[in-house]
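Next come two complexes, and both contain chain A; in the first it sits with chain B, in the second with chain C.
Now for the complex of A and B:
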């Protein structure tokens, strides 16, 4: 047997010797990218149309509310009520953003590339979820801030501004609750299909088809069923939690057709927590399965 | 049955995700049966189930998924080229696809609406709702097929129409109801079976004229768009 004659040439490959960023940086990058994706930042003009249409409508409503309030000299809608009034737009925004966040990656099959990084399987969906929560919170919080600024500049004295601020903070918390519930439900539905069109349709179908169930339950002869009816649908569930925790800020007209919760306020809060926890658990389970493929 | 419609039917039913359309009609009938069984007054449960769920959610959402699915899905994955390269006039591609979409939508919406209308009031209301829903299915699918030829994101454009125009704006600015298919359907159903369960501000003659106009105009638009259709790559 002769000696091997081949030569290994040194063609200049080098090892990477710079700093290696760990899990936290991967998570942070995914999160930031997710928030930008939700608003179409860093992408073509076509991807910006629908998110910014929603943002534009929401800000326009807030601006006109501010203008009317300062003309009349009284608050026509509280900060917390603003989120309720915008519920359909929130649903539409989730239907736009959630498929962009997860369905594209599923369709183009790039998940193995993500999971070849030092990124645990749970981190990918959690970063996307956090990004969607942040985007929704910005969508609902920014108009409230606009309303606050308008009210603060037309308020008489620092005391009035302080009162406005005390109204604004629960409103922002309430917007956060909306964001968490809607993001977890929407992202779970979107993660089941790689087609953005079907994901968007599915999200809207789920949110809209639960609303009439509430309508039916609230006219049933049983009084308990009426008081529990709000649990059947995400928007009314969130509203129920809001009414339980900050009654005066959501129901300003005591004679109006308010939602009667009876003694079930804590149950609404429990149901909201269970809904979010269930959706997140299913989302994590879904990504265990996707990642294993 | 032409080959195009055969391909379309297989494209719709050959995938498991078509089963996702089932829960909506089932929910509609289920709620009607539940309310009737518990003895709730039809004037209480009729409007939320028949209009709130049936005509405002089930009809447009099913029409949206089916209407954008018959042509939009083929455009999305590029297989529409195979149909376009055959020597068929464009109307022979659009019309069978539209017929399949409207037929599927009509069957999956009219049947549960007939059952719900029967439980709410009478056979007459059931038939009226079924007929009106069939006409509405034709109008909605014609609109959404045209949308899938005008833009690469037809579902979102359709959702803007269903959620923001019909859902949000028609309830605030009642003048926009003149341009809302949902209210044409309500007006037609109310004309066929006058009850106190359905009510709208749009007159029947306007509804008839506008529905015909929507169907004819969007179908012609679809044929024209497909005539000068350019196959583009995936957009971001």
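Now for the complex of A and C:
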């Protein structure tokens, strides 16, 4: 006969004397929560539809590219070009994920519950930003990894696999650049409103409305204006940085309608850094204000 | 140890609006009532206690720590329940409280256990797994209290915890707060604009008005000094008043009643003796406990 088990006692309130984790762990918890939120994990089924639709599309494209490439025996699209080709899907993903990450909290008024806890007020926006960057990087990086695995298995030898890997790494870096730029712009816009529809509209608008400016600048008679036109819009800015740093991986057809940066490649890179830094600074300033309310 | 101590605490917003002016107060652990009208500076004081605002002048200490410099250490030991709606409607209470427990630094499994414990203590059981959006106001207030309790703080700051509740809900919430203060061993600062509510449960009362301290004292000290005996006789009220005055009792009249300050048990005997001597029909003789509100009202009148 064993001792009776499973007896429930009301032991009253228990004080907690165990460990309390530091800033790093708290930041990590918030970050992980953010990544899950971006993909609708731990949320209702409705919140999962859109993120996983986008994930499904990019993975399907990557699978088809891999299949076609292995049939033709040649690369039809580079890893870096893949990120470019998916740019619109990335924009839509940001337009849904960024409001989900920050606008929702603004609307429900839950922020006082965060800011009254031992979490420095800069940690909240930074954890959310890092979460969105990670989500976007996964969105662009995972299909590239799929393409790489497909190519590696159909490759002729170790040398060919090595060549593929050397192509993949710049592609992943490029995906990282997309992720950082789009996440900081998107999250900043979303942090200004508690209405998710407004935030989503604002994000798409910024990416959409700046495209015609690039179009106009690129047909101006001034050659310099044409070469600088890409700076006016985040997607073309990112492409500009990509073309400057890894020209051959993005423009595979030398006769095609390539983008001419002239001598301004470094300026594109500088503009991208300034854009990200500016967005992060504004985001932090925004949350400093929100925290004191 | 002093729970909360402020010294000439002043907070001026934007150089013009003075929310708190020269507030000096020290309170001991226990249930503390912070009363004042809307705009008296209660919420500003809470934000200063949490280190969300920095004082314009003066010093503030919570649990012996300075919230402006030791912000993280203070917040780790303090739980805060805001006045307004602060619950995301699509999360369940269990998920929300667990998540906030982790933000307070609890390890993952501990956060989950303590979240369901905290929800159980505030009276939410199976419903804790449903989305908060479908909860009643009373249940939402309980979730707000549970999230302030999840990391086992030493001090709870409750901003208008009975806001929006019906009378039964108010009583239940006040009973819960009292239980936390006595059985759980957690000090509580309850903010309210309703004096009658907090005076029922608190040990210490701090009253502020227009950012200034009106009075801070133990509730016992505030009420015991002014307990009165009300005497009513069917006839001969005048004669009794003269008789009692002759016995050196400071008697005052209030309608058909005679009011005598209750000095000790002997006061009863003196009154009963006087009534018996005059052979008057005694209608009633009872102790009238003065409400704290009357104290403040009288005080304000004397100021004017």
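Observations, loosely collected:
In this section, the second predicted complex is superposed on the first by the 278 of 293 C-alpha atoms of A that agree within 3 Å, B and C clash if a C-alpha of one lies under 4 Å from a C-alpha of the other, contacts with A are read in each partner's own complex, and residues count from 1 in each chain.
Here is the rule we go by: a contact is a pair of C-beta atoms (placed from the backbone, for glycine too) under 8 Å apart; a residue touches a chain by one contact, two chains touch by 3 or more.
Computed from a predicted structure; not experimentally measured.
Of the two partner chains placed by superposition, only chain B is touched by A:205; chain C is not. With both structures placed on the common chain, the touch criterion links A:13 to chain C but leaves chain B unconnected.
Of the two partner chains placed by the overlay, only chain C lies in contact with A:110; chain B stays clear of it. When the shared chain is aligned, chain C comes close enough to touch A:26, but chain B does not. Of the two partner chains, neither chain B nor chain C is touched by A:165.
Looking at the shared chain after the overlay, A:50 reaches chain B, while chain C stays out of its contact range. Look at A:41: by the touch rule set out above, it reaches neither chain B nor chain C. With both structures placed on the common chain, the touch criterion links A:273 to neither chain B nor chain C. Common to the chain B and chain C contact sets on chain A are residues 43-44, 47. Chain C contributes residues 47, 50, 52-53, 71-73, 75-76, 78, 80, 82, 84-90, 95, 99-100, 102-108, 110, 114, 117, 121, 147, 151-152, 183-185 to its touches with chain A in the complex. Residues 17, 20, 23-24, 27, 31, 34-35, 38-41, 44-45, 48-49, 52-53, 57-58, 61, 64-65, 68-69, 72-73, 76, 152-156, 159-160, 162-164, 167-168, 235-236 of chain B touch chain A in their complex.
Only residues 43-44, 46-47, 50, 53, 57, 88-89, 91-92, 95-96, 193, 195-198, 200-202, 204-205, 208-209, 211-213, 215-216, 219-221 of chain A touch chain B when the two sit together in their complex.
Per the touch definition, chain A reaches chain C in the complex via residues 12-16, 18-23, 25-26, 29-30, 33, 42-44, 47, 104-105, 108-120, 291-292.
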